[in-house]
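Working notes, structure below.
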Amino acid sequence: MIRPPHLPSPDKILTLEDLTVSFDGFKALDGLTLSVDRGELRCIIGPNGAGKTTMMDVVTGKTRPDHGSAWFAQDVDLLALSEPEIAQAGIGRKFQKPTVFESLTVFENLELAIWGDKSFWKDLVARLTRAQRQHIDDILDVIGLTSERAALAGALAHGQKQWLEIGMLLMQEPELLLVDEPVAGMTPQETARTVELLLSLAAEHSLIVVEHDMDFVRSIARRVTVLHEGRVLADGNMDQVQNDPRVVEVYLGA
Amino acid sequence: MSGVRRWTMIEHDRAGAVFLALIAAVAIAAPVLNQLVPASSPFHLSTYSLTLIGKYMCYAMLALAVDLIWGYAGILSLGHAAFFALGGYAMGMYLMRQIGPRGVYGDPILPDFMVFLNWQKLPWFWTGFNHFWFALVAIAAVPAALALVFGWFAFRSRVTGVYFSIMTQALSYALMLAFFRNDMGFGGNNGFTDFKDILGFDLHADRTRVVLVVVTAAALAASYLACRVIVSSRAGRLFRAIRDAESRARFLGYRVESYKLWVFVVSAVLAGIAGALYVPQVGIINPSEFAPINSIEAVIWVAVGGRGTLFGAAMGAVLVNYAKTYFTGALPELWLYALGALFVLVTLFLPHGLAGLGRRRRRAVQAGAAVPAIWVLGSHVGVSLGNKLK
Amino acid sequence: MLGELGEASFVEKEAIVERLSARGDPSIRPLLSALLEDRLIVRQSDQRVFIVKSADDSLASLELIDPVSLAGAGSASRDDLTRIGTNNRLRKRLRALVARFDLSNPDAAVRLAAVQEILRSLDAESLELLRSRSAVEPNAGVKAEIEIGMGLASLDSGDSRARLAAIAALTRTLSPQVRNRLAALVEPTADGGFAEPDELVRQAAARAVRAIDRWRAFYGVVETLFFGLSVGSVLVLVAVGLAITFGVMGVINMAHGELMMLGAYTTYVMQLAMPNHIGVSILLAVPAAFLVAGATGVILERTIIRFLYGRPLETLLATFGVSLVLQQLVRSLFSANNRSVETPAWMSGTLQMNGALSITVNRLCIIAFTLVVFAILLIVLKRTRLGLDIRAVSQNRAMAQAMGIRTGWVDAMTFGLGSGIAGIAGVALSQFTNVGPNLGQSYIIDSFMVVVFGGVGNLWGTLVGGLSMGVVHQLLEPYAGAVLAKILVLVALIVFIQRWPRGLFPQTGRAAESQT
């Protein structure tokens, strides 16, 4: 295990240092350094191509950086783990496009997301325990899809799919949730419902939310980080960031 | 999409029950029509027909094996005939040892082809094959081992989709080349043939054939049930999930590679058993069983019948092979055209196979197929009756 | 004197023949070669000696030629003629005598053969003949052959300095004949001594043998490399069309082999159409095969493949069906048997670079041809409008469409291009493999291997991958045999894919990952 230059402090849930990722000469991340506190709800914004999705890819193990370090909690080196291992370590990610399993029902989707050791032979004979069923019902309640439990996930409305995906994330009891553009394509009612959902989650989890919708960010954000060209451009609460001249020039426009 | 999928998911059980009933009917009718009904009757099942039925059922098993990984786990193997052939060769090795001193050269230990090559003793990998239980173990273990090794390498490095398919094709091609070599100790391009008996029962006797047919029917039913258990379990749901969104499944913590590997191994074992039952019924095994075209034909059986439906795959196997038997008998020149056209038409117009047709179309196809089927059956019975009455 | 040949014994015949040749008259040569070929006869009716045109015994009547004037002399029935027989010794002598005459033949190849013949039965007289010929011989190859011959003869000379000089001269040649002769010098004899009495000469011979062996080994490697490159060139030709359709369109074309087969059959048909101009027919077959295969490819694309975009596995199956239909079509039209395609004269033969390295011309042509085709392909892709469109569509279809590129047309053209190249590969294949309906099946797996190895969608990857696979296969073959070598290459590839699943030169970036 490679020791970082200095130990990440204990109240940080995520520490990224000097991450660099290039694709065919194009630098998606260019020495990105940021950290997120435990229990925080952080919003990451930035123009397209700023590196937000790539950053999440690195954290979840989908992409390996050319150099830099990424630490989860105090002692989990994310760069040394595989995707499933990272998922099992307590990081959950919700993708931009809702990727639920369309040919399974809502209930089955959540069932598959059950936390625990997974292997082919065990799953051949696995049956849900009462406690597990209860857990699924609880989550269904949180995301508001109790009445849709037997519907095919492919038949859900766009917003419902997003919530289902968040629900699947929650089944894994993650410590850190990475949420990529949760309200993209949602109606205002769905957006409001999502704000409620995320805020309720923020109580017991750490959240990193990437979004473009400024109204949404304003309604949930406490601390905002602006990315640009693979690096952190500005960091602070919503007002500070909105008034930062660099941010105005690059992103928020007039 | 959801409409069709819904149908196939709910109707599964009913279709499965019908399928098992059909198998049971065959398992009962075959011995009765062959052993109890006299040869002069038009309802007598000839040895030839018995063999054909047995063959079709073995192919149906192979189709189940292919559908398990393709229709459910999204893994297209273009080399499954290799597992079929390996199981077949294992059984063949047992049968060759059983010939004993009754071979052309009369050597009690060495099969004829080894005597012909002037070999002095049995190669090490032939030991144990004079015991039936050993052969049984090999029939399952050899395909499993190959699938395990190959699959471990392939899935671990995330080789998927067409790359994987090409690799399986290359694998079966390499095996074919290897088994064609005379010095491999597997009979070279002639393979194994001239079997005498199995477990002491004469392979040429109708009674033995009938038993083999019944055993095959039982194996087919068991394979079907095994596949049903797998696809109805959580693992089965996971495979559907993997087909929908593989990275999502990975994020959920599933070691997708390990799941794919095990279902691949199970599928290989099923194929091996199918091959092992095939060989004593057709009386021969040679390296052309490894040929890539055999694997691809197995895929088309599943595509025609309907992938992801299990029973559809089995029916597809029977249908296409029946057509093949008919064509190669009556219009051999046209068979390859028909097969080629089948590939093209099924992929273009029947992406879910026959089982995936909507209710109305299905009825139409069933009606359309029933007419010539009834005509053929009727004319066959009529002709035999006519012959008897003369 | 001629008349005596009919009745003479073999010994007498030999003497007659010697006297005849001593005259040095070039008209004697046809007589001698006729005798050698059993074409000298005596006509019973008048005991005159003639040459017959044909030695065919089944003909009832044979044409006669006057042995002196070489003019036609009518014909006679076979029954009237008696052949003048020869024995081995006489024939040997005749060959040597004929060769002497051939030493001054205007054709260099004939002269070369004559020199080699003379060397087989060297005596003082012929040695002298060679020496005088060497002084005036214009052709370098023939002259070198003479030098070797004389050098070998000098090895028998009594003077050890002459022998040393001969060894020094012979070291530069690399022929196995010379090497063995030199090695024989240092062979121990039964009585404990050596074939060569002089110590210095022995050492020189041993050194010479080692030097020759080193050079031979080196050229052996070069020859293997050359063979490997030619095998690899075929692989490149065969795979590059596939790389285009797979890389650009994500289409796995299982009918690719059959498109090559169509190209090979086009060559055959061209040869049937122009039986007297084989050389030209091959040159014309190249564009013809391109058109035939390319057109077939475009038809395929428009009627079938177009509807299966984004579904690579279905495309695989559908094109497999097409391959079956094409095979059967060819079987019906041309029969299932293999057809033979001739190699034109300018592609046949061997270039003998030196005693150890011979390069077959047809292999050289294949390598050159492949490089030319590859270069043209690169130019098309990098510098033409079509190439630009193809690259745009392959990288980002939606954007290309939005910019007004007619992607449907580009797809058809891309597929046509890849198929056309397959046809051209078929022309090359027809030159050294059997042309039959199963031609495609033998090469389809190899093409896939090269594409997978080299990296999808990358032409350079295909080039490097194909050539290296050819070389590796050729290196393995002497140790493992052709079939095992193939198996080993396949297994090695499977292992290689573990570490580099996207091949040698992979496409990177998100667009590539979303494909397959």
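By written order: A, B and C. Residues from 1 in each chain.
Please note the rule applied: a residue touches a chain if its C-beta (ideal position, glycine included) is under 8 Å from a C-beta of that chain, and two chains touch if they have at least 3 such contacts.
Source: prediction; values computed, not measured.
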Checklist outcome for this item: argmin over chains of |mean CA - global mean CA| returns B
Checklist entry - Which chain pair shares more contacting C-beta pairs: A-B, or B-C? => result B-C
Next on the checklist: On a C-alpha centroid basis, what's the spacing between subunit A and subunit C, in Å?
Outcome noted: 64
Item to check | Intercentroid distance (Cα basis), subunit B paired with subunit A, Å | outcome: 46
Next on the checklist: Rounded to a whole Å, what is the gap between the Cα centroids of subunit B and subunit C?
Outcome noted: 45
Checklist outcome for this item: Interface with subunit A, subunit B side, in the complex: residues 1-2, 5-6, 229-230, 233-235, 237-238, 240-241, 243-245, 247-256, 258-259, 261-263
Item to check | Of subunit A, residues touching subunit B in the complex | outcome: 60, 62, 83-84, 87-88, 92-93, 95, 99-104, 108-109, 111-113, 115, 118-121, 123-126, 152, 154-155, 168, 172
Item to check | subunit B residues touching subunit C - in the complex, by the definition given at the top | outcome: 76, 78, 150, 153-154, 156-163, 165-167, 169-171, 173-174, 177-178, 180-181, 292, 296, 299-300, 303, 333, 336-337, 339-344, 346-348, 351
Checklist entry - Which residues of subunit C touch subunit B in the complex? => result 252, 304, 307-308, 312-318, 320-325, 327-328, 332, 445, 448-449, 452, 483-484, 486-487, 490-491, 493-495, 497-499, 501, 516
